[in-house]
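Each of the next two complexes has chain A plus one other chain: chain B in the first, chain C in the second.
Up next is the complex of A and B:
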């Protein structure tokens, strides 16, 4: 035990001595939370549009003023002809073009029917879709203003309520994802690299010939990162409560317990990688490409899993971060207790035990 | 390894990175069981956007489906729905949405509302056959989608992901390079040779520059073979831009490499910058909707320019004039970063 504590001290010294890495380790979650919380929004605001107003009459002016009054659009300029639209799109600033035909006013007044063409830059399909929807709904609004006097009968009024996140803030989705991402990064990459470094520099041999058990060598490498990660979890939670106003509805203790489980999973993955690799660069590449990307992809916080091809949906089930993401979301936002997440917890624990057994089995006391 | 990993990613990532909102799971609580409510339900299920995952008798039953993530939204049709529409001229339906994912919630609710509106128009037309819709003025909107008529999300993602891959390969490899010599100790040998500083840096830079171009070419081939995306614009302009851009990324990598002592450090610092660059580069979310400070950061972010240019040239066929501003700025970055790296590299420790 005394040996173990000495080793632990050595590892802590290693970790704490490297100030630049430490700075990044703690700077990372802060930067991520700030970026996700404030900079990344999927809603489209201030989209620049061009207008070809062939009509230039009272109704078209009114409609344009309505568009401009909404926060979604900025009318970049009014061009005179259709071919100029393509140039505007190619210059890359404009996302949408609106063509109002001549006689717009007259058509509306006499035939009760007028047309407007909306051309979207669909190289970004989602923005195109969203903007087209916004324009349509503004036009529908305008239309209803016109009909207000006549009155509509037989109405069905949908009453919509947004559960959990009434202001539709993006952070509700991102915070649990950032937690998974940061923990994954710290634990997998740091553990893998710091063990492999000893191999690469040749100091592993010295550790292995010492009377200290090899398993303990690995364990004492993992523990500092476990503590650092728990501090990171605390930082993320503090930031999300106090900076992003995202309350924690469920039990804090349960949240930390589940985080610890996930951290152990990640550490196991890190050890597993380090057992299999011989150089730092390879270890980094594998933890970066093999773990980080699947985490971002398959945890479901950036990309909806249900949209993926079936094969990828199946693969997503073996990514630990996916389960952790569901767990954090359930506890933090939905406020569920252990009864609501035991299944996910069990899966996560299963993955951990499996990886642990495999890496212990393949752990070699001797270097090749 | 350096070529295989990006190729695999380019083949898998766009498949996974599909933001289109479809297959929204809906649970319906029908307390009316009338012909209207049945028709509304079948209109919803046949719309193609929604997947009916539960018919519940109570709101609480449906809500537990939301808690289990089995449903994304609930539609509750109150009792006497049909009667009230006919007798009292109007009635409500209740929609509750799981809004943890705000975008999905918003779009889902909007789709549902528009289906309800269409259903509403239908029954109004039946009840008022003579007056119907003709009475109100109608503005018909005809949407057209340019550059990507099928609204294929992959077409949008592939150039962006290719941009990220080129950045990652160039950035990480160059960042780990000098620092590796430092860690292993071979840097001492180079330091005692009479080689000039900028020759040394250039020598480090050129192989990676070639490699970056190779990765980019492989990426273009993959996007042509798998996704059928052929650059609509001029290839020379594209390669010219990539050439300058690679200098910029490699410069950043070398700079990081001169600052750090261990590979672990270099990798972490590089990762930190990469993450910020990629997130703020407009790959997933448009830079236009960002707040002012983030817009400022993305103006100083070379990745923003690359993603922008890739999409402009490959998808829209923009020409040299359209991207000249991007090229100029990235060129400035390249010069600045490389000069800094050379100045920062000291032969004596």
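Up next is the complex of A and C:
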């Protein structure tokens, strides 16, 4: 035990003295959260829209002029029928369509309320969300104007439809995504590199010749990164709560427990890579190409898995980040408890145990 | 004389390839034993078996009285090891390195304190004790590395090409350290490519294609082969080798 503590001290010294790596480790999640959080949800200006004006009366014209007067929209064209909207969307230029029913003016005048249909291309959920919010607020503005001038309270109901992606998935998806990405990077790459470094330097031989157990060598390498990663999780969560105003709906304890499980998965992958490679560069490349890419592609945080070909959907099931991503999303955004994520947890635990057994086996073979 | 390393037909096969072929030798207490051979002759394989890092395919060996098959843990406690890479951590200080390597051999705090003090004094590193090892010149690193390898008072120390890439003066100083250690009764098992260093050994063995082809004192070897230098002895033996790297 005392030997183990000696070893841990040394590992922490390695990690803490390598200032550049530390800076990257803690700077990366902060930078990613801020970039994803702000740069990618920027406001949209001069978005092109199409209008189907069945009414073509005084009120509808007023509303359209108001829309155009704002800097946010540019009426690309006015089409005559709903099917043409589809064509405009598929051409890709138009982001939003507005359908004003016939009798818009008459409805307003007689019933004091009318409806407008707002259709957004939600394949880009952030833009779609922003644009529909703009339209809604402009309509509310118009409605207040009407009320003020006439003294009668008018109600215009914008009925919003998100095409292609009705639940607007992707809005805050990047927080769980960045978490998966950062943990993958820290745990897999750093662990693999730090073990392989000992091989490269020749110190691994010394450690193997010593009475210190090889398994302990690997274990004490993993522990500092486990701690660093938990700190990273805390940083990401703090940023998302206090900077991005993304509340955590579920249990914080559960979130950390699941993160620990995923960190262990990643550490195991790192150990597995380190056992099979002999140089730091190779270890780094394999970690980057072999783990980062699948994480970005198949976790569902950048590209919706539902839209992938079936073969890729099946492949995505063996990517641990996918399950972790689902778990974090369920806890943070949907506020689910363990009952809602036990299946995913079980799968993740299964993958971890499998990897652990495989890497320990390979480790023993290499030693013999 | 007491044999601290004793091997009998020690063999290691990797599939069809026989890396070490029926090695039989004895190394005595306090001896400086040179283990020579061209690259690929099987030195490293043989040494790994003696250190308990790899299991022999056949044959017997006992290291410090312990069996290489069954008592590898005990062997590990009784040997020291230093490789050609001066295996210290550059990002730890001199003292931290000493404490770390002493610590993993299970030395107590008192022992560590006493021994590291002695070691630093002996090497004249008082000024540098809290500097990072990475900032030390190569010669000092190497001496420190050797001293760390014998910190836990092993009975045998294995040196794998300890003087690679070091200037002749520093090599000479390093060998003085080795002589001192041997006088204290430590057994030195050293591999080298430098024939002048072979001359410093009490006895040497020369491996060719996995077999020990010669084993004697440098003087006897030279007269057996009828030559005047170890270079020529080595050349005559290694010339017939079929394996290279």
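The working rule: the second predicted complex is superposed on the first by the 232 of 368 C-alpha atoms of A that agree within 3 Å, B and C clash if a C-alpha of one lies under 4 Å from a C-alpha of the other, contacts with A are read in each partner's own complex, and residues count from 1 in each chain.
Going forward, a residue touches a chain if its C-beta (ideal position, glycine included) is under 8 Å from a C-beta of that chain, and two chains touch if they have at least 3 such contacts.
Worth saying up front: this structure is predicted, and the values here are computed from it rather than measured.
Undergrad: Which chain, chain B or chain C, ends up touching more residues of chain A in the combined arrangement?
TA: Comparing chain B with chain C, the partner touching more chain A residues is B.
Undergrad: With both complexes overlaid on chain A, does A:48 touch chain B (first), chain C (second), both or neither?
TA: A:48: touches chain B, not chain C.
Undergrad: Is A:18 contacted by the first partner chain B, the second partner chain C, both or neither?
TA: After superposing on A, A:18 lies in contact with both chain B and chain C.
Undergrad: Give one of first, second, both or neither to describe whether A:83 is in contact with chain B, with chain C, with both, or with none.
TA: In the superposition, A:83 contacts neither chain B nor chain C.
Undergrad: Name the residues of chain A shared by its contacts with chain B and its contacts with chain C.
TA: After superposing on chain A, chain A residues 18, 201 contact both chain B and chain C.
Undergrad: Can you tell me which positions in chain B touch chain A when the two form their complex?
TA: My answer: residues 1, 5, 9, 12-13, 15-23, 66-69, 85-86, 89-107, 109-110, 112-113, 116-117, 119-120, 123-124, 127-128, 134-149, 151-153, 155-156, 172, 176, 180, 183, 259-260, 262-265, 267-269, 271-272, 275-276, 279-280, 284-286, 288-291, 293-294, 297, 308, 311-312, 315-319, 322.
Undergrad: Can you tell me which positions in chain A touch chain B when the two form their complex?
TA: So the residues of chain A touching chain B come out as 18, 20-21, 24-25, 27-28, 31-32, 35-36, 38-48, 86, 89-92, 95, 108-109, 112-130, 132-133, 135-137, 139, 142-143, 146-147, 150, 152-166, 168-170, 172-173, 185, 189-190, 193-194, 197, 201, 280-282, 284-285, 288-289, 293, 297-298, 302-304, 306-309, 312, 326, 329-330, 333-334, 336, 340.
Undergrad: Which positions of chain A touch chain C when the two form their complex?
TA: The contact residues of chain A facing chain C are 2-3, 6-7, 9-10, 13-14, 17-18, 201-203, 205-212, 367-368.
Undergrad: Sort out for me which residues of chain C touch chain A in the complex.
TA: 51-55, 73, 76-77, 79, 81-89, 91-92, 96, 99-101, 103-106, 149, 158
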